[in-house]
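A single structure is presented below for examination.
Labels for the chains are A, B and C, by order of writing; each one numbers its residues from 1.
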Amino acid sequence: MLVAVKGDAWNSSVFGGLGTNHMTALDSGPSTAPKTFFFNDPVIRGIVCQIVVAIILVSFIVWIIGNTAANLTAQNKTTGFDFLWKTAGFDISFTLLPWTRASIYWQAFLVGITNTLLVAFIGIVAATVLGFTIGIARLSSNFIVSSLATIYVETIRNIPLLLQLFFWYFAVLNTMPAVRESYELPLDSFINQRGIFVPKPMPDPQFAFVWIALLVAIAAVFGLRYWVIRRLETTGKRFPVFLTSVVVLVLLPAIVWLVSGADLAFEIPVLERFSFKGGVQLPPEFLALLFGLTIYTASFIAETVRGGIQAVSHGQTEAAQSLGLKEGDRLQLVIVPQAMRVIVPPLTSQYLNLTKNSSLGAAIGYPELVNVFSGTALNQTGRAIECIALTMLVYLTFSLLTSAIMNWYNARVSLVER
Amino acid sequence: MTQTSQTTADQVQSAKKAPAIGTRPAIEIIGMHKWYSDFHVLRDINLTVQDGERIVIAGPSGSGKSTLIRCVNRLEEHQEGQIIVNGVELTADLKRIDEVRREVGMVFQHFNLFPHLTILQNLTLAPIWVRGIPKVEAEATAMHYLERVKIPEQANKFPGQLSGGQQQRVAIARSLCMQPKIMLFDEPTSALDPEMVKEVLDVMISLAEEGMTMICVTHEMGFAHQVANRVIFMDQGQIIEQNEPEQFFFNPQHDRTKLFLSQILR
Amino acid sequence: MTNIGFVRSELIPAKPAPNRISGPMAWVQKNLFATPMDAVLTVFGMLFLLWIVPPLFNFVIGQAVGPSGTVEECRAVDAGACWAYIYNEMKFFIYGFFDIAEQWRPNIVFALGALLFVPLLIPKVPFKRVNAILFLLVYPAVSYILLAGGVFGLLEMPTQKWGGLLITLIISVVGITLSFPLGIVLALGRQSTLPVIKTLCVAFIELIRAVPLITILFMASIMLPLFMPQGTTMDKLLRALVGVTLFTSAYMAEVVRGGLQAIPRGQYEAGASLGLGYSQRMYFIILPQALKHVIPGIVNNFISLFKDTSLVYIVGMKDLLEAVKTKNDSALEWQSSNTATTGYLFAAMVFWIFCFSMSRYSIFMERRLNTGHKR
């Protein structure tokens, strides 16, 4: 009772009539109190509150649906997903899947998704390599290296990605010479207004053996690592894993290549009258988006990596040193496993960001999901709600998948605390 | 502190009865100076620690105690003078540093256990990867030392699941698993709750009884009194006074020592 | 055993450090040539700088055409950046199509904004509450009247004419301000024990955070008009603001949630034990503490939003970037091979200055909060 009295006194004296004196589970009076007004029961109050919110929300949605229906009939538009099976009749400049004007809309949907995934996948790999390098460089004891890394990070992450895309697309790639005056790059590649033309590898059927050899080599490296640790644990003998792995990875496929007589020809792009024939064309839209995403995301990954490494306290290094562990072992056994626990969750959200940001490709004409589906398809069919909803659904799926994987990972590696 | 001296009073005798101090120096520090950039943190340190000797270093905060013992296994680099550990002089030579670190164990104030490894893995990591001891053997040794520090049942838990006192005992066991000739302790009990201090000190006392060469930075004066052969008092990066515990505590000579003792033994 | 007693008679004074560890040479040795590997890295770093800095300098300053230059100079073969182009089109980049004679109005808005906003950022300046009320309630109204006009004899200026940096600033400031209360509500809702409210908030936050801003802007631009009663026309700026605010509020909610979670349970219980109800506990005890902790997070959100405003071209607004792009593409009288690059360089510098200073501010606040917390 004392508490309640104090509370009331404080309320009325200090705050006057501000807010009603709510009674919730935490401060409900003792059982001797007389019957309370039903609205002061926290359970009832909660239910009432939720019902009110639900009613408001439902009426809001009904209102929107009504408006939308009225607007659509006024504009003579229909709704539904039947358009997915209609002929699209437009061109897509860059596709992995087969695409003709006769293809239908859900194929366009798939083309958009694959194009998004393509640039996201390559971008993620490249941004990871670049980001880790720069993140580690920022921690270097070498003044020049760490300053260069700092300048990179502080410049890139403070400039909008769209601006960087415009820069790469309009200021760099678009000012490349016309096809006839293409610049020659090393390895029989060419760069011009229409992008970069690189030789196209043309492996003969025999070449499959080399791929198999590579897979075997990768498996062998994993096996080797397992065996080396086992051997160390039983006999105490060490083995140069890294060097051996590199040798195995290079030698095994190389030997198979030589022995099997597999042939890897390259179709070199050749300048014809108006364009290049043969080779693979990487269009400027794709390149600009890839450069932009990689460079931009790398600056964030670098910060993540730096933070993760710095999160491992110096005491851990010292403890490992005082036990006599050498630098390589220290990193491999003590620092990296702990840093990775800190790095991986924000790193995945950077991957997700990169995937979402690839939608900016729409602004420079790269036919990714938003461009193809919420852009061209939407304009042609007028089915705005359906197209945007499907587009959002794809990103939502990516996001939910990623967070499911992350939850699993976090549960697996989280440090056990009391 | 006084509490500790009472509860372990019976162990005092046995500790003092520990194997006689050898005459071979385990650690020799000769005219050593160290700077942190322009700050002269250690000044003309001369210290010889004989095999089996137990030394306690005391002194006010910032006097350079930690820095001194960290120089002994080269977690810090000194700029002038010599440090010779087990006959190996510490220089920039990585091989020698490794050699010394294998023989010198260190226990930190904040334990510094590896949180991502189980207790057993914490204990076997260095024996396997540094000494090349087979895993089975390393685990047996680890269990032996876990029993010595009285927590064998925790072997498969993670450090985060243990109390501070237990963690510090694991840290001691982790160093012991490398079978070091010398043990360094940097305020091993000052991050612990009072009731956990005793369990850690007991382990250290039993180590002393076995004749381990030890340098302890600690403010546990009861422990110093029972176990140490010598107490060293540092201030402003230099050794101000050193003596046998009896003399040091009951007949301090330097004014600073007196002041320090009057504050700490209040 | 020999007597081990030792007492120092005279204290050793501090000596200067040996040259090998102090002074510029020691610095060079330690930071540039500590190991052979370091030496190699230093050499490569220097070579890289030599390779990149001189051309960059030449482009931006050395061979650049100054503000008073002509397009002919910009078209010269070895000309660098064409600053004359920026200088001549500056008004468009800042105000968009805002009538030139009326540009004093946005100028007053800028000046007022700086006058009210800067003191808000400096922790030492007093009258924070009055200042905040002025900035959040009075200033927007005054600004709107000034910019839109149509009253007090001011010429009416439809929002389609607003553009450039003006729009970038309006959208980011309004977006962050509106999304803040929304974010608090969402964050509190997410922590609620009432299942309906919690589910709604979680669903909203997670959906918005899952999709790219560009799709939300598409929605705002195409679907929003459909949702409104027939015959309503929605201002484009309003559409952009709705999209940006909804988007930012979801991120804001997560920042606020982080702050709420940082408040120890004891604070909630102390509030309850004083007899305060839910809203009182939140208003007087929890939120003031939580919001202090989230200032850096809010600033970081603001930085992202500021950069993201460049996407509002989707709804047809000409923000700074879009204004630059428009001129790059259409100002035929300034056509040269460096025009576009100069334009983007200029926009990048403007964005960078804003974002970088905000990020410094966020770091400053973080430090301040950390030390304040420990004391």
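FYI, a residue touches a chain if its C-beta (ideal position, glycine included) is under 8 Å from a C-beta of that chain, and two chains touch if they have at least 3 such contacts.
Quantities reported herein were computed from a predicted structural model and do not represent experimental measurements.
Undergrad: Can you tell me, using the touch rule above, whether these chains form a line, ring, star, complete graph or other shape?
TA: Contact map by chain: complete.
Undergrad: So using the touch definition from the top, which pair is joined by more C-beta contacts, A-B or B-C?
TA: A-B
Undergrad: Distance-wise, how many Å sit between the C-alpha centres of chain A and chain C, to the nearest whole number?
TA: 23
Undergrad: Could you state the distance in Å from the CA-based centre of chain A to that of chain B?
TA: 49
Undergrad: So the centre of each chain is just the mean of its C-alpha atoms; given that, what is the distance between chain B and chain C in Å?
TA: Chain centres of chain B and chain C, defined by C-alpha means, are spaced 51 Å apart.
Undergrad: Residue numbers of chain B touching chain A in their complex, please.
TA: Going by the criterion above, the answer is residues 73, 75, 98, 101-102, 104-106, 108, 110, 112-116, 125-126, 128-136, 157-158, 160-162, 171, 174-175, 178, 184.
Undergrad: Using the touch definition from the top, list the residues of chain B that touch chain C in their complex.
TA: Touching chain C from chain B are residues 21, 33, 35, 37-40, 43-44, 79-80, 229-230, 236-244, 247, 253-254.
Undergrad: How about chain C: which of its residues touch chain A in the complex?
TA: 30-32, 34, 38, 41-42, 45-46, 48-49, 193-197, 200, 206-207, 209-212, 214-215, 218-219, 222-223, 225-230, 269, 272-280, 283-284, 303, 307-308, 310-311, 313, 321, 325, 328, 337, 340-341, 344, 347-348, 351-352, 355-356, 359
Undergrad: Which part of chain A faces chain B closely enough to touch in the complex?
TA: Interface residues on the chain A side: 232-238, 313, 315-316, 318-326, 329, 333-334, 337-338, 341, 413, 415-418.
Undergrad: So in the complex, the part of chain C that touches chain B is made up of which residues?
TA: 1, 4-8, 11-12, 14-18, 20-22
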